[in-house]
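Two complexes are shown next, each including chain A; its partner changes from chain B in the first to chain C in the second.
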Partner chain A sequence: MGTKAGSILSERMRFTLSCYALLLPSVLLLSIFVYIPVLWAFSKSLYQFEVGGESEFIGLRNFGEILWRDPIIWPSLLNMAIFTVIAVCIRLSIPVVVAKLIYSLPTERGRYYFRLAFLTPIVVPGVAVQLIWGGLIYADQGLLNELLQRVGLPQLAHGWLSDPRTALIACAMVGFPFVGGFEVLIYYAGLANIPQSVNEAALLEGCTGVRKFFMIDVPMIMSQLKLILILTIIGGVQGFEALFILTRGGPGFRTMVPGLWMYFNAFSFQRMGYACAIGVCLFLIIFTLTLLNIRYFRSTEELEGVR
Partner chain B sequence: MKIKTLILYAALMVFLVLTMGPFAFVINSSFRDNVELYHGYFGVPRAFRGMGAAAMQVARGDARAMTIENSEGEARAVPPREALGHHARLAVLSYTRAWAVIRPYMVNSLVVSLSTAAGVLLLATMTAFVLSRYRFFGSRLLFLFIISTMMFPGVLTLVPGFLLVKQLGLLNSYWAMVLPYMAGGQVFAIFVLKSFFDGLPEDLFEAARIDGAGHLQSYRHIVLPLSKPVISVVLVMNILGTWNNFLWPFIVNTEGKHHVVASGLYVLATSAYASNLSTLFAAYVLSSIPLLILFIYATRPFIQGVTSGAFKA
Partner chain C sequence: MKHVSFRSVLRAASLAVILAVSGWALLPPASDRETPGSGRRTYGDEVRFVIRVSPGQQYMPGSVPFGIGDPLRGLSDVIEDFERRFPDTRIEVLTVPGVREYLVSLLSSGQAPDIINVNVEDVWIDVQKNWYVPLDPFLEAPNEFIREQGAPDAPGYHQWWDMFKYQAISRGKAAPDGKNYCLSYDMVETGVFYNKTIFQEAGVDVPKDWDEFMVMLKKLKDAGHTPLLMHSELFNDWCTDLFFDQLYYAILPGIDLYQDPSREPYLQGYLDDFEISFLFRQGFFTKDDPRYMEVWRIMKELRQYTNQNIATVDLVREFVTRKAAMVWNGSWFLYRLKADRHLGFDWGVFYLPQFTKNTSPYASETPMCVIGGAAVQFEVTNSAVSDTPPDMPFEERMATSERLKRVIQFLQFLCVPEQYARIVNEYECFLPNIVGVPVAPALKPFEEILERRYTTTKWVFTFDLKFAEIQRRLIELYLNGGISLDGFMDWQTGNIAYGVDNLFFRKKFDVDQLQRAWEEKSPLRAGMEGLPHGD
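Right, the complex of A and B next:
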C-alpha cells in the first residue's frame, strides 16, 4: 500500500516538475530582464554613482533633490501635465467622431476600406513620423511656413519648435488630426458591439443624430473610452521619445518632461542613481493612477450589465 | 438621405487627406533633389517632368535629340530613349543612396524582430498552454509572477535595464535587444493566449486523451491549429512594437554597429545626412515598406481581431 501511494505521489511530483521545466524559460527571462531591473531601480535610487565609478550610499537624498533642489523637475512635471491633458482631450474626441462617421457609412465595403485607410499610417515607424514633423512640417523652411506664405500669412511663419512661445503647443499638435492608428479601430469596435436592440429602441424614441451620439453611443463605448484614457495618461507620464526626437526638451527647458530629464541624467550626465530615483517617482505616479482607476472607475462595469 | 451620405464621405475624406498629407509630401519630396527641395515642398519632381517629356517623344517616334544635364550642370544632347533612362535614374537616385545607408539597419531590424517574434511565439504558447490546462502546486503564483510584470512601466526599468545589459556584457549585440524584448513581449502574449486557451472546451482534450494523445500531441494538434488567428494578432502586435522601438536600440548600441531601422533613422537625421533631405525622405519611405508588407498580409485577421472587442478595459 505504502509503496503504491509513494509512486502516485512521485508521479504527481514528476508532473509538477515537468510543468516547472516548461515554464522555466519564461520565468527565467522575466526574472533576469524585468525583475532584476525593477529591484535595481529601487536599490540604485539610494546611491550616487556613475558607470564605472564608485558608488556611494546616500539614502533618500536623491529623492530630496527631486522634491526640493532640482529646478527642472517641477516645470517639467507641469509640461507633462499639459501634454497629458491635451492628449487626453484629443484622443477621447476626434477618433470617436471619425469612428462614428465610418460606422454611419451605408455600405460594409466603405466601412472596411475607411478603417483600413486610417490604420495604414501605422506602417511608418514612429521615429520617422517624429522626424517628418520636426524636419519637414515644423522646420524653418518647412511645409507649414511655406503654406502660410502661400496663403498670404507670412508674418505667422517662424521656427515652430525653436520659438519658446510655440514649442510646447507645436509638440502637442504632432500627429494632427490624430486619427491615424488604433484608436479609431477600437472605438469602431465599441460602436459595432452596441446591441441592435438598443439602436432600434433609440430610433423608436426619435433619438437620432448628434443627440443619439451623446445619449447612446458615448455611454455605450465607455469601456473603450476608459481604455484609451488609461493608455493615454500612462503614455503621457512615461513617454518622452517624441520630445527627445523633436526638441530634446528645448528651447531651454520649455518642452522638458520628467522622463526626458531622467534620460539626460542617466546618459548625458552619468548620474545613474539620480535617474533611477526619477524613474521610481514616475513609477509611483503611474502606480497611483492605476490604483485610482481600479478603485473609482468601476461604473463602466455596471454599464456592461446592460448588454 | 443621399446628401447625408455625401457629407459623411466628404468629412471622412477631409480627415484622410489631412492624415495622409505629410506622408504624401514625403513621398513626393523623395523623388526631388535637394536643390528643388530648397525652393519649397510643392511641385512635381523635375525628374518626373523630364521622364514625361522624354516618354512623349519616344511614344511619338520623335527622334530629335534632348538636352540633359549631368551632376556638374554640363548640358549634353542625347536621343530621347537615353534621356528617359537618365531622368528615371535621377528619380530613384535618392532611393539608391538611401538604400545603401539603411540596408544594414534593415537587416538588423529583421533579425531582431523576427527572432523576438519566434521566441515570443515559442515561449508564450508553451507557458500559456501549461498555465491554462494544468493545475499544479504553485501554478497560480507563477501566473501572478508573470502577469505582475505588466505593472512596471518602461520608464522604471530603462536605466537599470541598461546597467544590467552592460554588466552582462551584452552591449552592442543582438542579444541586448532580443532577450529583453522576448522577456517583456511574452507577457502580453501569455495573457492573451491563456485567456483564449481557457475558453477552449475541455471535451476536446478529453477526446484527445482517450485517443491516446500525450500532452505534446494535444498541444501541437489541438491548441496550435485552433489558436492561429489569436497567435497571428499577438505576433503582429509584437513585431509592430519591436520594429518601432527606438530608444532601447539607441541606448544599447553605443558603438552604433547594431542599429535597427528606428534608431538608425534618428542617427541618420542627426548626422551629416541632415541636410540631404531627399535621401532622408527616401529612407523614411523605404523603412516603412517591411511593415507595409506585413500590413497587407495580416490586416484582415488583425482588423477582425481588434474589432471583435477583445480590446477594452
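Right, the complex of A and C next:
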C-alpha cells in the first residue's frame, strides 16, 4: 500500500516537476527580457543617467520634474486622455453594431463572407496604415484635400496634420470608419455564445430589435466589452507608434503623448533616468485603471442569472 | 485512393506560389549582392581588418541620386584599389539610418561603424564620452600616400592638414574642447533656386536686399504662385541662424567673450555654447532682448509667403512641377535639376539678400553669411580602437591600436586627389575640399557663395538634443499660428534656461573668465543700442 502510495506520489511529483521544468525556460526568458528590465527601470528612475555618461543618484527628483517642472507632461497626459476616451467610445460602439449586423444576417454563408471581409484588413501592418493615412489621405495633395477641392470647398483644404487646430482630431480619426476586424470578431464570438434559449425567450416576450440589443445582447457580451475596454485603455496609455509615424507629437506638442515623450527622452535626449521615471508613472496609471476596471466593471459571468 | 479535388490542387498551388514569391522577396537586392564593399560578409584568415564605413547617402555605392542616371561606383572603385593595396583589409560600406537614436545605441555599445558621416556639431555634445577619436595627431603628421610619391612640395607631404583647400573651414570644425574630430573632404552651400519662367511672367528679378525680397514674394503670391518652398527644418536650422547673424553681427565685438586662435580665422566671433549660456544669464535671448524678438517677427513675416504645409512638404516635387517659384535648398539639388531632361523651364540660383534698417532697426547691414560649409563629415568612432582593452586610457588605446592605424590609412588614401576626384565629381553635389581636385563647373555659383563669412552660431547644435527638439517644435507651432510670439518666447526662455543648466551640469566652464571678458568689453557695449537691461 505504502509502496503504491509512494509510487503515485512520486508519479505526481514527477508530473509536477516536469511541468515546472517545461515552464522554466519561458519564465527565465520572461524574467530576463521583461521583469529584470522593469525592475532596472524602476531603479534607474531614481538616477540622472545619460547613455554613455555618468550616472548620479538623485532620489525622487525625476518624479518632481514630471509633476512640477516639465511643461510637456501635463499637456501630453491630456492628449493621451483625449485619444483614449475617443478610442474607448469608438471601440465599444461601432464594432459592436457591425458585429450585431453580421450576426443578424439570415444565412451562414453571408455571415462567413462578411466576417472575412471585416477581418482581412487585420493583415495590413499598423505602420502601413499610418503611412497611408499620413502620406495619401492627409497629405497636401492627398485624398481629403482633393475631395474638398472637387466638392467646391477648397478653402477647407489644408495641412491636416501640420495645422495645430486639426492635428489632434486628424490623428484620432485615423482608421475611419473604425470597424476593426479584431473587435468585430470578439463581439461576434460573444453574440454567437448567447444561449439560444435566451434569444427564444426574448422573442416570446416580444423583446426584439434595438430593445433586445440593449437589454439582452449588450449585457450578455459584457466580458468582451470589458476585455476590449482594458486593451484599449492599455493601448491608449502605452501606445505612441501611430503618433510617432504621423506627427512625431507635433505640431509643437499638440499630439504629444507621455509614451512618445518617454521615447524622445530615452533615445533622442539620452535622458534614460527621466524616461524610466515617465515609464514608472505610466505603469502606475495603467495599473490603477485596470484595478478600477476589474473592481467596478462586472463581466457577464458576474451578472447574476443571465446564463 | 483518396480523391484529390481540383480545388485542393489549386489551393496547394497557390500556397506554393505564395511561398516562392515570399522567399524571392526575402533575397537581398541585386545591388547589394554585386556591389563590392557593401553588406556584411565573412572572410578568410588572411583578412586581419574589416573596417566598416558609413559614408552617407551621397556617395553610397549602388545608389542612384534622385533616381536619375547610373548607380554610383566612385567609392567602391577607390575601396577596390585600397583592398588591392592592403590585402589583409576589407572595407564594408553600410548605411546607418540618419536616426540619432540608432547611432547613440551603436556608439554606447561600441558597435558603430569605424567611420561615420555625422554633422560634427552633433558629435561635440558627446566628445567627453570617448565615443570619437580626436584626429589632430594624424592631421599634423604626413599623409603616407603623398609622402611615398616623393614630391616634397605636394600638399600632405609634411602635414596631412595641408591637403585641405578650405583651411579655415576645416580647422574651424574643431570642437569646443579644441580637438578636431572631423574630416571634411568636401563642402556644401545653400542657395535659393528659382524658376526663371515664373520670374519673367511675374515681372520680378533677383532681389538686392531683404525689403526687395519681401516685395518680390508678395508679387509672386498675388500672381497665384507659392513664392518660396520651405520645410520646417529649414526655418529651425538655416533660417534661425541667418536671421540671428543679421541682427547680432554688429554687436559681436561687445558680446563675443572667447576667441579660440585655432577656430577664429574661419569662425570669426562664433558664439560657443558657454558664451550663449553666459549671455543668456545677462538677459540676452529673452523677451528683454529686442534683437532676439526680431528674429522671430521677421521669420513669421517670411512664413506667409511659403508653402502651406511646412511639416511634410516635398520640396523637390513642388518645385519641379512648377507649383512654386523658388525653393531654398543645398547644392545637391543642382544635380536634380540639371539631370532632369523633362524639366521644361530655366532656373537660376541666388543667395538670400541682407536685412536693411528698414527690415529691422537692429539690422547689422552686412551681407548674409553662410550656414553650410563642410558637407560629408567623417568621424572615426570608438570601434576603430576595439582591438585594445576597453579599460585602458583612451589616449593609450589610440597610440597602440593597429586597427585605428589602418582606419587612418584608409582615410588618407581616400584623401589623395586622384582618388577623391573619382568620388566627389561623380555627379554635381558637393565642392571638393582637397587641393588638386577640380570643381565641377556647374557648382561654381556655390563656390562663390562659400567665400562668405560663416554664421555667428548654430542654434540647433548649441545645447543638447532636448533643447533642439523643443525649439524645432516651438518654431513649427509658432509659424503655424498655434502659439503667439509672447507664448513662444515664454516657452523658448524656459527651453534655453534648461539648456544652460544642463550644459553647466555636463561640462565645466570657467565662468570667472567669461565674467572678466564681459566686464572688459563693457566700454564696447556702451554705444550699442537695444541691449537687454539697457546694458
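Note that the second predicted complex is superposed on the first by the 276 of 307 C-alpha atoms of A that agree within 3 Å, B and C clash if a C-alpha of one lies under 4 Å from a C-alpha of the other, contacts with A are read in each partner's own complex, and residues count from 1 in each chain.
In this section, a residue touches a chain if its C-beta (ideal position, glycine included) is under 8 Å from a C-beta of that chain, and two chains touch if they have at least 3 such contacts.
This structure is a prediction, so every number in the text was calculated from the model and none was measured.
Within the superposed three-chain arrangement, the count of touched residues of chain A is higher for B, of the candidates chain B and chain C. In the superposed model, A:Ala192 lies in contact with chain B only, and not with chain C.
Touch criterion met: A:Pro106 reaches chain B, while chain C stays clear of it. Applying the stated contact rule after C-alpha superposition, one finds that A:Gly126 touches chain B and leaves chain C untouched. Of the two partner chains, chain C is the only one touched by A:Pro71; chain B is not. Look at A:Met272: by the touch rule set out above, it reaches chain B but stays clear of chain C.
Look at A:Phe253: by the touch rule set out above, it reaches chain C but stays clear of chain B. Of the two partner chains, chain B is the only one touched by A:Ser223; chain C is not. Touch criterion met: A:Val51 reaches chain B and chain C at once. Once the two complexes are laid over each other on the shared chain, residue contacts for A:Leu23 go to chain B alone; chain C is not touched. On chain A, the surface touched by chain B in one complex and the surface touched by chain C in the other have residues 51, 267 in common. For chain B in complex with chain A, the residues that touch the partner chain are 5, 8-9, 11-12, 15-16, 18-20, 22-23, 25-26, 29, 38, 40-42, 123-124, 126-127, 130-131, 134, 136-139, 142, 145-146, 149, 151-164, 166, 179-180, 182-184, 186-187, 190, 240, 243-244, 246-247, 251, 261-263, 265-266, 269, 274, 277, 280-281, 284, 287-288, 291-292, 294-295, 299, 303, 306-309, 311-313. Listing the residues of chain C that touch chain A in their complex gives 100-101, 104-105, 107-108, 126, 128-129, 131, 232, 307-313, 464-466, 469-470, 473-474, 476-477, 480-483, 491, 494, 506. The part of chain A that touches chain B in the complex is made up of residues 15-16, 19-20, 22-23, 25-27, 29-30, 32-38, 40-41, 44, 51, 98, 101-102, 104-106, 110, 112, 114-128, 131-133, 135-137, 141-143, 146, 150, 176-177, 179-180, 182, 185-186, 188-190, 192-193, 223-224, 226-227, 230, 234, 237-238, 240-241, 244-245, 259, 262-263, 266-267, 272, 275-276, 279-280, 282-283, 286-287, 290, 300.
Of all the residues in chain A, the ones that touch chain C in their complex are 50-53, 71-72, 134, 139-140, 158-159, 161-165, 247, 249-254, 264-265, 267-271.
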